[in-house]
Structure formats: structure tokens, C-alpha cells
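Letters A, B, C and D name the chains as they come in the text, with residue numbers starting at 1 for each one.
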Amino acid sequence: MTTRISRDALAARVARDIPEGAVMNLGIGAPTRVANFLPDGLEVILHTENGMLGMGPEPEPGRVDPDLINAGKQPVTEQAGSAYFHHADSFAMMRGGHLDVCVLGAFQVSERGDLANWSTGAADSIPAVGGAMDLAIGAKQVFVMTDLFARSGEPKLVRECSYPLTGVRCVTRIYTDHAIFDVSPSGLSVTELFGDNTIEELRELTGLDLVDATTFSPSDRSHA
Amino acid sequence: MTTRISRDALAARVARDIPEGAVMNLGIGAPTRVANFLPDGLEVILHTENGMLGMGPEPEPGRVDPDLINAGKQPVTEQAGSAYFHHADSFAMMRGGHLDVCVLGAFQVSERGDLANWSTGAADSIPAVGGAMDLAIGAKQVFVMTDLFARSGEPKLVRECSYPLTGVRCVTRIYTDHAIFDVSPSGLSVTELFGDNTIEELRELTGLDLVDATTFSPSDRSHA
Amino acid sequence: MISKIVSGLDEAVSGISDGAVVMIGGFGRAGQPVELIDALLAHGAKDLTVINNNAGNGDTGLAALLAARRVRKMICSFPRQVDSQVFDGLYRAGEIELELVPQGNLAERIRAAGAGIGAFFTPTGVGTALAEGKETREINGRQYVLEYALPADVALVSALRADRWGNLVYRKTARNFGPIMAAAAATTVVQVDEIVELGAIDPESVVTPGIYVNHVVAVGERAWLREGEFVGAVSTEGAAS
Amino acid sequence: MISKIVSGLDEAVSGISDGAVVMIGGFGRAGQPVELIDALLAHGAKDLTVINNNAGNGDTGLAALLAARRVRKMICSFPRQVDSQVFDGLYRAGEIELELVPQGNLAERIRAAGAGIGAFFTPTGVGTALAEGKETREINGRQYVLEYALPADVALVSALRADRWGNLVYRKTARNFGPIMAAAAATTVVQVDEIVELGAIDPESVVTPGIYVNHVVAVGERAWLREGEFVGAVSTEGAAS
């Protein structure tokens, strides 16, 4: 039985890798939680692709402003230093490589860093892509934050994505509930294992040739 | 001997064709004078390609602001209703066909509306194009304002431009010191003759097959 | 005297013909020109192509226009939302056409139309199903796909304030698609909370210069400002950009 | 705490290496970052490619950089001015390379570099000598020429005010190339009159968001504002855009 850390523990782990001053876009869903774990006083600038830098947390009750929402259409707030701009300027910012980090969810990530997160390809679903393809190529570092296994038990890290692609060779690092993986020229390398998980187990479960790039001793892993 | 009207009379004649509400860019040199002849109270919005709409006349002495200049780098003023924007937005406005009128100078205009006004092609000159090529395609109507003949005596209206082109089939109308010409599918048509000039004389002097499209009786011409 | 101000919503949309390509501003509900959409519905134009980031929320605004079967085709990035039941039904029944465009390419195609750019090479979508059949090219070692300008006959936009020249300022993230749609349409119709004196908008802060605006109609201050306090019960949509 | 503020001009330009591609803001003298250019001159980087609308005025600023033989190549739209004698001399002597670009294509190429667009089809220049050898295409009945993004290693920009995140506002037509150059360069260095508290710039009026800015240095209020009155004796240049 492998160790799985909780969604919040994973969000906290991602947050530890965000340096002060980073400009960051947090995808809809679990990635949004990363903001909750940034240390107080650490200045990180949040971008939302619907036209804002310097986005603050959700408002207090009674202070919801329908003109101030994030890409998930949830109410947010304004921080000192924020700026508004139109949609073309906002996506120019992403496409031009000006964001430091995007954190995204995934259906699948291939060992060369292809991302599939916009469509399961199901025939009866209504296709909707939103900003997913722009986010996939929209930062210097593209982090994926996901469970290692889908509910069906299938691994989400794969040799080739079977779901429709969002972006090609775009993912830098994958934070999963089991371990952290870096996309490297030689494939996926494991940089950190959570709990008692071992490379061998993960190799077996995913069927991938994982490179061992862990630098933490077991005792170091207690942070997870 | 043909009749030539003065540069200011020509500027006044161009000004008569500018309707209220027009957004207009006046090229460097003689075209700039058109602004002096717009009737008081007529609202025309002047664009300058270095990033402003709602440009006003030159400032009074002692009120020159080095941050407020036109494309000719001369000091100007700000009118109520003006707006500033950056260079890409300014040229997007022109290229996108949003200006109503540009008035430009010319070395040559061909009978199909090609414009040459940026270079004489002289081997020793330092090439410089500025916004000329953008202005040439940068308005719904592109007016040229020029003497009909160069100092050398050569006509500036020609079958084919011999000088390097600024734009292809871009000129709508040519206001000259002798007559006004429209670029039409069948070539150049003369819509207005100044003074005692006749189509026959102009045909002879230019060597062009000018269409007679004048609608003014001789008595009407006294305005020039 | 220049005045782009029209007195009524009906007049503002009266020029929209059957078959028109209509851009509608807004991202979800933020910046959606609800009063103009209602006027378009009352006006009756049909067989429309609508360009909007989404495909309607709930039963009002764009969703109502869809429900009335006025829209032949949607061009958008994210039709599927928790409350997009009107579009969903039409789409599943094969009664509406959909052109799906990644959001940034949608925005850039609209921007290109306003800016006189015919087409551009974008990295977004390369290698995906949404680039299938499109021209691709490697430039300086990176792969790009060619996308074309997306113009419109009419844009319906919501802004905060206008002057009589049509200069506009927006409010917070309700700005979104407004400025680029205003520039991309042959005719731009804007609803604003308030019309102010010429000169009252700082020239340094104008977001949409009046050159892009044809008709402005004042619809009164938006509810959450009129009430003097922000609201506590705006529904937040779980799903998606 | 984020702070892009550096205390000295020397520090601001210290990262510029020999051979760098340097964008310099300004249109003629308006918006020219004179203090940063002087610092670059003192810094000593050579073999530069400089992107500016013009090619220097008089003997100061960019002209001084040219006179010191630090510039291998100019990319600009309008080198020839009444007071461009420094460039003129170098050019006639074959001692500087020139890439001439129509002003709007120059601006759009810079914008494309910042916006991640690899290349675009523009109608400007079609059929002229400046489009010779370039790919052309007809799109919807109009002719276009393909132009490529123009990025830079460094941008030197002059703005009016900044906060410590690097958010910028400009002043009047001195805005010109500043915002697009700030976005197009790997490193953007900005001189401002004044640094204000974070939050003092209205988020609706920020022109260049801090994401595009690396270093900000305050150089004091521009002379004509410091004097409390506008000036009467600024030379007006007869020639050209």
C-alpha cells in the first residue's frame, strides 16, 4: 500500500517551491488551494487570465463584487499593486512567457511533458477549452498538481497521452499525492517521495522508467 | 498659363471636405495646415501616430510641453476628450482602418492610386520611412495634398510611379494646386478645376487620360 | 458637435441585421452587456453568429438569446458551464453550430481584426485537436499555428463610464473582452452606467478611445454600486474558464 | 518583499553585455531615457544592436552612444532628422548597419515579441521596397506581408511614476514605445521621475504592469515639471516621423 498525502498537504508542498516575487497563475480547482499555503508576508503576485495581476483572496461575506472575479468566475479581491488589463493583453502576458509559474490540474501527463487536461474525448461531452491551452504554454515553469492515479486506478503519468492534448512538451514538474516528478530530457525523474513510497513501487504501478533523482533522506521526508 | 492656388487656399479647400466627427491624421508639412482652416466649432478629432487622439493646436509661447508632441515632433496641446495610447495601439488604429481620413504629401501618385512619398531613391540619401507606409494604408480615405508639378516641372500625377512606392492603390483623392482628382476604376477623374484651368490643359500637361467629372459651373469655382 | 449618445436601448441595437456576426463582451456574467442583449432579443434579429467567451449562463442575457433560437453559431472558448443548460440542450440537439477557440487565440484573433493584422502565428494549441488542419510553422525553434483575424459586424459592450466622444473606462475584471471587441467590430454599441462630461475622463486613463465606439447608451449604475455596498449572495460558478 | 527599485543608474544598466540587443524607448526626445543612455555609455557595453524609432538627435543620449561607436546596428523607422548628424556620418562612412522598418511594423513586431506571437501578416509595406524578398499572402482579398517578432535582451524605458512592483504610468505622448518595449525585452530597466507607495497607482490606470519590469531607478522630476511651468524654448524639429 503506497502513501498518499492529502490535497492540502500537496498544495502546501507546491507552495514551498514558490519563491518571493513569483508571478503565478493557479488553475481552477485544486491548484487554487496553493494560495492558502503561501507564508504570510511572502509577496507572490497572482495573475488571473480574465485580466488582472495582484489578485487577492476571496472577499469577506457581504463584500462580493461581481465585477471582480477570477478565471473560475469566483469572487476575489484586489491587492495593493494590482493592475487590470483586457483579455488580449492578459493572454499576451502568458503566451509571451512572462509568468513565472502556472499550476494546473491534469488528466494525463506524458513522460516527455505533454499535458492532457481539457477533454476526455468522450463523444457526448460538450467541448470546452477555455484558457487551458494558453496556460499550458503560458509560464516559464508549468507545474501540474494531481493525484498520481485516476479514480479508475489508471496512472495519470503515461508514456503517451491517450486523451486529447492540451499542450506538447510543456510540463516542467508534476506534484502528485505520491511523489514529485521532474520532466527531464531522459524522461521522468522522481525528485521527492512522500511517506514510505519507493521508486520501485512507482515504477511498477506506472510502468514507467523513472529516474531516481531524490536527494532527501527518509527522515527529511517527514515534512510531507 | 494655368491657374495655381496657394498652399493655404488648398488647405482650406481640403478642410471643406472634412465632415464633423471625422477622425483625421494630417501628415507632416503642408497637410498640417488643413487644421488651420477647419471652421470654429466643427468637431474633428486629430490623431497623431505617436500615440494620441484629440490633439489640439500648437501651444501658446511659454506653454510648450516636451512630452506633448505630434508626429513631426512639434509641440501640440490636448483637447477635452483626448486619449493617449502606446505606439502599437496607435498603429493598430491606423492599420485597422479606423481613421476616417489621412491627408498626406506626395512625390508621385499613379493613376491607379499608388503613392510614392517616402524616398526619391537617390543613392546617397539616408533612407527613412517613419509612419509613411502605415499612413498610406491607414484610413478609410487617403487624401493627397500636393502641387501638381514638381519644381523640376515634372507632373506628380503619373501612369506609373518611378520613385519607390509607399503604398499600392491606396490613394482616394488628390488635392493639387490646379485641380482635384479622384482615383476611380477607370483612372483619374477631375472633380474640380481651380481658376481658369481646363481638363484639356491638364491632359496635355500630365499626359494622362483624365476623366471629366467636374460638376461645378465656372461661377462656382470662385471659392478657390 | 460629436455625440455618440443615443437615448434608448432599442435605438442602440436597431442597426443589427439578420445574419450579423455579433461580438458580446463579458466573461461569464462580469462585463456582460445584459441590457443590450435584452434589446437585441426584443429587436428580433436572427440567424446570428455570436462571439463570446462563453455560451450563456442561466436563462437570461445571452442564454435567453440562444433560447429564442436567434443564434445559428457560437464562437467561444468555454461553452460548458454549470448553468449553460440552454446552450447544452441546443448543442446536443444539433441545433447550434460551435466553433471552439482557445481563449487566448480567441482574444488575439479579435485583437488582430481590430488592428488590421490578417493572421498570426501563435504557439497556443500546437499539436492539439484544435490546430488540426491548420498551417503550422517553426520560427526560431518554436512551433506555431496560423490563426486568422476574427472581425464582427457589431460589438455589444458594457463599460462603466463614457463621454460623448465615446471614450470608455471599465470596472475591474469586467473590462475583459470589451476593449478588443470594440475595436474589432464595424459598429460598436456600448452600455454604460453613466455618461460624463467631455474632459471628465483622464486622457491617460482612457481604455477604449472613442474612435472605436459608435453608439453609447446609459443604463444607470450597476446594482451593486447603486446599493452602496457590495453584495453577499452572488452565485459563484464552480466550473471553469 | 518585492522591490524592483535600484538606487543608482550604474546598477540599473550593469547587466548589459557586449553584443546585446537594446531597445531604447522614446519618439525623438519625448520619452527618451536620457539618464539610462548616459549610464549605458559610462558602463561601456559595445557592439550593440539598438532598436529605437529614430537614430539619435543632436549630440546627447542615443546620439552620444552612436558617437562613441558602441552601436553596430540600428533598427529604426526614421534615422534621418534635421539633427541626426552623428548617425548620418556613421552611415555614410559605412560604419553602422541599418535595418529600416515602417514605424507601425516596428511597433507591431515589438508588440509581437512581448506577446509570444512568432510572426504576423501586415498590410503595411506591401508592394514596396521594404517588403522585397518577404513572404506575402492574400487573405480575404487583401494583400499582406509576413513580419517577424522583434525581441531584445534589454529595454531602456522612461516613465513618469513607478511603485516597487514595477507598475508604471507614463506622461502624454512620452508613452509611445515604452509599454511595448518593456514587454518585449528579457530585462527591462526603467527610469522614472518618482517612486510612489504600492497602491498609489490606480489599478485601472496602470499602463505597464510590473510583470514587465525588472529594475526601476528614480531620476527626479523632469525639468519642465520641476520648474512648475512649461517651457518656451524647446527646439521643434522640422523633419519627420
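As a convention for this text, contacts are C-beta pairs under 8 Å (C-beta built on N, C-alpha and C of every residue); 3 or more make two chains touch, one makes a residue touch a chain.
According to UniProt, the chain labels map to these proteins: A, B = 3-oxoacid CoA-transferase subunit B; C, D = 3-oxoacid CoA-transferase subunit A.
Note that the structure is a prediction, hence the values are computed from the model and not measured.
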**Complete:** Neighbour overlap between subunit C and subunit D returns A, B
**Request:** Between B-C and B-D, name the chain pair that shares the greater number of C-beta pairs in contact.
**Result:** B-D
**Prompt:** Per the centroid of Cα atoms for each chain, what is the distance between subunit A and subunit B, given in Å?
**Reply:** 56
**Fill in**
Separation of the C-alpha centres, subunit B versus subunit C, in whole Å, is 36
**For subunit A paired with subunit C, centre-to-centre distance based on mean C-alpha positions, whole Å** = 29
**Touching two or more other chains - residues of subunit C** = 108, 111, 115-117, 122-123, 170-172, 203-204, 207
**Prompt:** Which subunit A residues touch at least two other chains?
**Reply:** 52, 78, 84-85, 92, 94-95
**Item:** Those chain pairs that satisfy the touch definition
**Value:** A-C, A-D, B-C, B-D, C-D
**Asked** Can you list the residues on subunit D that touch subunit B in the complex?
**Response** 27-31, 53, 77-81, 84, 87-88, 91-92, 98, 100-105, 107-108, 110-111, 122-130, 143, 170-180, 207, 222, 224, 229-234, 236-241
**Message:** Taking the touch rule as given, give the residues of subunit A at its contact with subunit C in the complex, in rising order.
**Reply:** 28, 48-52, 59, 61-75, 78, 84-88, 90-92, 94-95, 114, 119, 124-134, 137-138, 164-168
**Message:** Taking the touch rule as given, give the residues of subunit D at its contact with subunit C in the complex, in rising order.
**Reply:** 108, 112, 115-123, 137, 139-140, 142, 144, 148-149, 169-172, 202-205, 207
**Request:** Please name which positions on subunit D make contact with subunit A in the complex.
**Result:** 1-2, 111, 113-117, 163-165, 167, 183, 198-199, 203-204, 206, 209-212
**Request:** Flag every residue of subunit A that touches subunit D in the complex, lowest number first.
**Result:** 20-21, 23, 43, 45, 47, 52-54, 78, 80-85, 92-99
